[in-house]
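Below are structures written as structure tokens.
The two complexes that follow have subunit A in common; it is paired with subunit B in the first and with subunit C in the second.
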Partner chain A sequence: MTTVVDTPQWLATLRADGHALPQSPLAWLNERRAQALERANALSVPTTRDEEWRFTDLAPLRQFSLQRPPAARTITEADIALFNLPEAGARMVFVDGQFAPSLSHGVGALIGTSGGTSTGTSVSTLTDGLKSHGALLQQHLGVHAGFEQQVFPALNTAWLHGNNGALVVLGRNAVLEQPLHVLFVATQANIALCPRVLVVAESGAQGKLIEDYVSLTNGAYLANAVCEVSIAGNAEVHHVRLQRESLAATHIATTAVSLAKDARYRSQSVALGARLSRVNLDIRQAGEGADVELDGLALIGGEQVADTHSSVDHAFAHGRCRQMHKTIVGGAAHAVFNGKVLVREGAQLTNSAQQSRNLLVSPRARVDTKPQLEIFADDVKCAHGATVGQLDAEHLFYLKSRGLPEQQARNLLTYAFGAEVIQRIPVKSLVNRLQQTVLARVDAK
Partner chain B sequence: MSTVLENLVNQPYQHGFVTAIEAETAPKGLNEDIIRLISSKKGEPEWLLEFRLKAYQHWLTMTPPQWANVQHTPVDFQAITYYAAPKQKKKLKSMDEVDPELLKTFEKLGVPMNERAALAGVAVDVIFDSVSVATTYKQKLADVGIIFCSISEAVREHPELVRKYLGSVVPVGDNYYAALNAAVFTDGSFCFIPKGVKCPMELSTYFRINTQDSGQFERTLIVAEDGASVSYLEGCTAPKFDTNQLHAAVVELVAMDNADIKYSTVQNWYAGDEKGVGGIYNFVTKRGLCRGVNSRISWTQVETGSAITWKYPSCVLRGDNSVGEFYSVALTNHYQQADTGTKMVHIGKNTGSTIVSKGISAGHSNNSYRGLVRIAPTASGARNYSQCDSMLIGQKCSANTFPYIDVRNPSGTVEHEATTSKIGEDQLFYFQSRGIGAEEAISMIINGFCKDVFQQLPMEFAVEATKLLGLKLEGSVG
Partner chain C sequence: MKNTNAKTLLEARGLTATVAGVEILKGINLTVRAGEVHAIMGPNGSGKSTLSKVLAGHPAYAVTGGKVLLDGADLFALSAEERARAGLFLGFQYPVEIPGVSNSGFLRLAYNTVQGARGKDELDPLEFDDYVREKMKLLEMDEGFLDRSVNDGFSGGEKKRNEILQMAILEPKLAILDETDSGLDIDALRIVAGGVNALLTPDNACVLVTHYQRLLNYITPDYVHVMESGRIIKTGGRELALELETRGYDWVVEETRNATEVSA
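Right, the complex of A and B next:
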């Protein structure tokens, strides 16, 4: 379906850079990268003629002139103090696509774990991970996030060089109390970044991950992120995804999650930044009784576009999924949500519920939402709901009758609308900070 | 559970008979000459021929749509006969002169043609293959100023009206099948309700596909002027053939200020056998335009037939305070495929729309709801409520929903809900413990499931539809 169009300059550059990457000593990695590069060469940037990109126009991205980041700028702790999470047991910081050891802590070590480990619990760069967990990476890296049909994950995989990615391994039955913070900082304009995260939770393990994209520039750049999460039987991963890129940036992300029998995945995804952001969230239940909870919040204004495409694939019986996606759209912003729920033949007793709730707060705001169900099993419970509208007049009246001025009542209700998602984040300091951010944004409107 | 289901699924098609009437047919295939032939056979004016040729030229540049969730072998448009009409030796003066074979067919279908029509209070513009043969109740309607006739007659008698409205809602190049229809349509109904007139009876047309391999390209145009109101019924049955027949109809509705049009369909064309062989391809474009303020267009459909259904009755709500409604039951069985739904395009202020869609899939069938709700920036105060429920009977079928919601005005309120369920064992047990057999229980549950839609149907149709669903699913539970 992809229409062949002229190749933007940056795509040609990125492809060429993919070719120029030094070979790894690992044959399988070279092979996987070569496959991805081959796909990246064959595929083009999608246009709005592609059903999957119907509402999100990447045309502005064509104008970009992007380069691979030159030498990473040196930044100090003070520059990123705003993003510090005191609760984090370990922090990995990547500046312009390069791991910054001086800003990171807790890396490599076994952190605050209880329970036995087989492969060891560790947080490291992919470069180190390839040395210590070669077999594990071969099994997972680039396997969950398919790149056959999509140019962005293909490019990311072709660019995989280890130092731009984080590896989190939770050993068997390891329980990580403190969250892990992976912070990707962009400091320069006109660069293309390909951040990468791989999380492998072995059976019975539990952990929390904060995947955080921030910016120290106001410039335009491209972040093309891929995050893969593999959760073995009875393990649990709580994944928080924050996107606070520069308001000129383009953020395109693929998150692929694979769950084995009785595995659990919780996720909160918050999008505040970027001129254009697109998140592809692919959840695959590859065993019985997998349990998924997905929360999303996009708070956008100005000319921003925030697009979330989620796909939940119920392939086995007794699967469960609860999804809530919210957007608050102001200015001339445009929010897009496409939530696909697939119940395959044999996935009996699946219970899947999806909500898409959208709040329009300005006359030029726009929302496109498409909750989509595809069901091939007869004994299932599936529901979806979508609402688009403004604040409830009765709620406003109630608050005004209690003496709140109109504007304050509106702000409070708008804030409460978004807070439902934020409050589910398991890190206290982050909840507080995000609530302040949301309140400030709402006030500004 | 499964045996009753299976029996239900294996219900043979009840209207599978062929009337032996000599038909005058054009050679197979499609080109400009065929279009000129159709046009001259029907004695059409020059502008209509131009309309057809323009559509044909446009059609040549288009490709068949691929986006629907249906699979079929490509249609060979050169293997279709585009013109077939029962031979008429002379003009018919009364019902007695109509071919008795033809009348017998109507008898079997239960069309109330003569006295029965009067009792039933229905005026039937009977379409047999592509040419209208008899029209009843014309006089009674003419008394109040309503024009209800075949579209070819309308072209002859009221060319200015047809010219004004034909293609105004569905333009010639709207989509692949609509363009094809515009090029080769042979007949259909035309209905014009003048200012302030409430149509005294429910208008109805029975469509029937007869000659093998002849695609039906009906064109229906209904115009309700200011303050007028009409309820239109369309019912369909077709004889049993093994080759797929293409049906690409176009229906256009125009509602002016304060006008009200209600369009109801029961579609029970041949769906193919239990192996999925044969059946009708039903690729239909239906669209209503609420042009005036406070106008209302309501679509109700019960889709039980056709091998493939590709149909999206839509409303364009242009007038302020106009209302669009869509009530649908789509039942698929065996290897049937249905991709159906609606589009509600809100343009005027304070426009409202309601969508209630019930999909039932059994056997190996595939049933999809595809809908669009668009609130344009001009449509302040717009309101939409959509509900799509699916029911699955058996493990080999599928149910899908693809609702597109596109909102560009913050004062709009759009709600969409969808659920999927099956007939619960406990529900069946409850019925059976009260002495009601499984089959009857299923029928009752299904009818309860579809209640919201059946309530919208005119009385006769509601009864027919209830029976139809029962028949279609007979023996599929046990």
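Right, the complex of A and C next:
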């Protein structure tokens, strides 16, 4: 028996746009896009009957008429001043899916030291990257974020045209002290965006990336983001992912990270915005001794839904992963966490620890959290824990006994709960900004 | 003896209180005047800590009877935060840890809330920095302490010093120090006691709730009260503490029981 499901308008639009893209001079890219489009056409939108989407209902997307952005609106530096990070060594700004050179700086330049590699160290659009780093992109682009089974990365890949994405290449042994800021700005309602980021860190390289989604509209739109990170032997990437989309937006993200031998990946993922957000985080260990730290924080209220599905695949021995996912849920909001940890047969001496900590600040708030451990090696250390709770009465009393009013005491403790994640972000100005945001947001609840 | 004409800062009459429906305080009478130091001693479970929490307004305890005046005002008409602003301070036996909130930020917030309520000017971060550093010398605290999160990862001694630092900053009329001495080594005890002594004036008062006489070698009490089963069963001078140290509590309990039987 077959079930006939009518295709939502937004999906039909995205598929049609994939078809309409002009061909690239690069045959491999055309082929990869065609494969992705074929999958995007074949796959349907997940529903709550799919185990992976049980708690996150995409049906409300149907009510929106989403189009490819008609034209990038012109915005000025002042419009995005709030998102500026003075520490950033380079900034790439994308407005409604189009690269905005006038708002960007440090782009294309060789930054840091390149340690005698042919690829050098650069930040560029994927369009320029396809010209300068064709072979490298062929090796990585659309390879780490699989699109065989998932309609969103398939659509994003089918949509690849280069000007909607950033390429960061860290050459061999290059050490970048200053963080790179990739800022995706949405300015219009009823649009569909497919932002894309590829980070390739060659052996021994080290760098920091801030992947940042913001909005200048209160309207509803769809951002379907894909970020791929490839970390070669003994290299290190510190990746901060910041989602502060419009409170009416839908944000679907796929982050795929591949770590070679002794590679290190540190990440803080903070979700503040979007009516509905879903992050699929896929970490794959492709060599021994990879070291991963994953911190997540969702601060939501109203009718927001924030869903994180992570998967850590320990495929080789001596891997280490520390994961801490926190949520602060107010109003009638709903936070979802599913943390899969796979330890394959050969992955002996893996040390993997996962924590899910959830704070409910209103009686109607809801959390669904699920650890999912699959262990096939016999000499490993794997731990997981989950808590769901409210503010501690003893802590509140302590602050009130120092004269703080009830609400202020609650705000401070709520902030403190999230601070553990925020304070691990390696950019001071961003930590300060987020502290203020969290305190103000908590205040408003 | 102390000046009995001094202002009464705390007056408790027939105070009873319960926690989870169980009566813990069974009629406390206590008068604390300005310039006095009181020690409340007693075996574990006698209700000492409950008394300090009830006075500070802990939500887990229900006051079921009696009356308490703080500087002439009805204490139980005030919320916990209003009591703090009215000049009551509780030094916690187990100060809570608040990761992510800097100690300097927290101390300034508390200062501005409490001192602001008394009509003093609020201090900006720079002004407060000068103010707090002066107070920190009293407790021999190093400067790095200000940048750390509130009590987060502090040793027992550091937490207690932080409590006394808060007392120094908030300048309460009546400080209740709940087991401030427990868990301290002799050096930390000396510093904490030195801090408390330096803060005592003829206009304020201090109630030391303690299990051990050792603290009273460093802070001299004017009155020593023995608590047992939710009542103050004996009151004496500092010599009572020494007697308790050598003889324990049983004889006081015995003496009270006999006295009750005689009168009955």
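FYI, the second predicted complex is superposed on the first by the 434 of 445 C-alpha atoms of A that agree within 3 Å, B and C clash if a C-alpha of one lies under 4 Å from a C-alpha of the other, contacts with A are read in each partner's own complex, and residues count from 1 in each chain.
One rule holds in what follows: a contact is a pair of C-beta atoms (placed from the backbone, for glycine too) under 8 Å apart; a residue touches a chain by one contact, two chains touch by 3 or more.
Model, not experiment: these values are computed from the prediction.
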| item | value |
| --- | --- |
| Touched partner set for A:Asp378, first subunit B, second subunit C, both or neither | first |
| Partner chain in contact with A:Tyr415 - subunit B first, subunit C second, else both or neither | second |
| Contacts of A:Tyr398 with subunit B and subunit C, given as first, second, both or neither | second |
| Set of subunit A residues, in rising order, touched by both subunit B and subunit C | none |
| Interface residues, subunit B side, partner subunit A - complex | 67, 375, 377, 390, 392-422 |
| Residues of subunit C that touch subunit A when the two form their complex | 56-60, 79-81, 83-85, 89-90, 92, 95-96, 98-101, 106, 109-110, 113-114, 117, 149, 166, 170 |
| Residues of subunit A that touch subunit B when the two form their complex | 51, 55, 345-346, 358, 360-390 |
| Touching residues (chain side subunit A, partner subunit C) in the complex | 392-395, 397-406, 408-409, 412-413, 415-420, 422-423 |
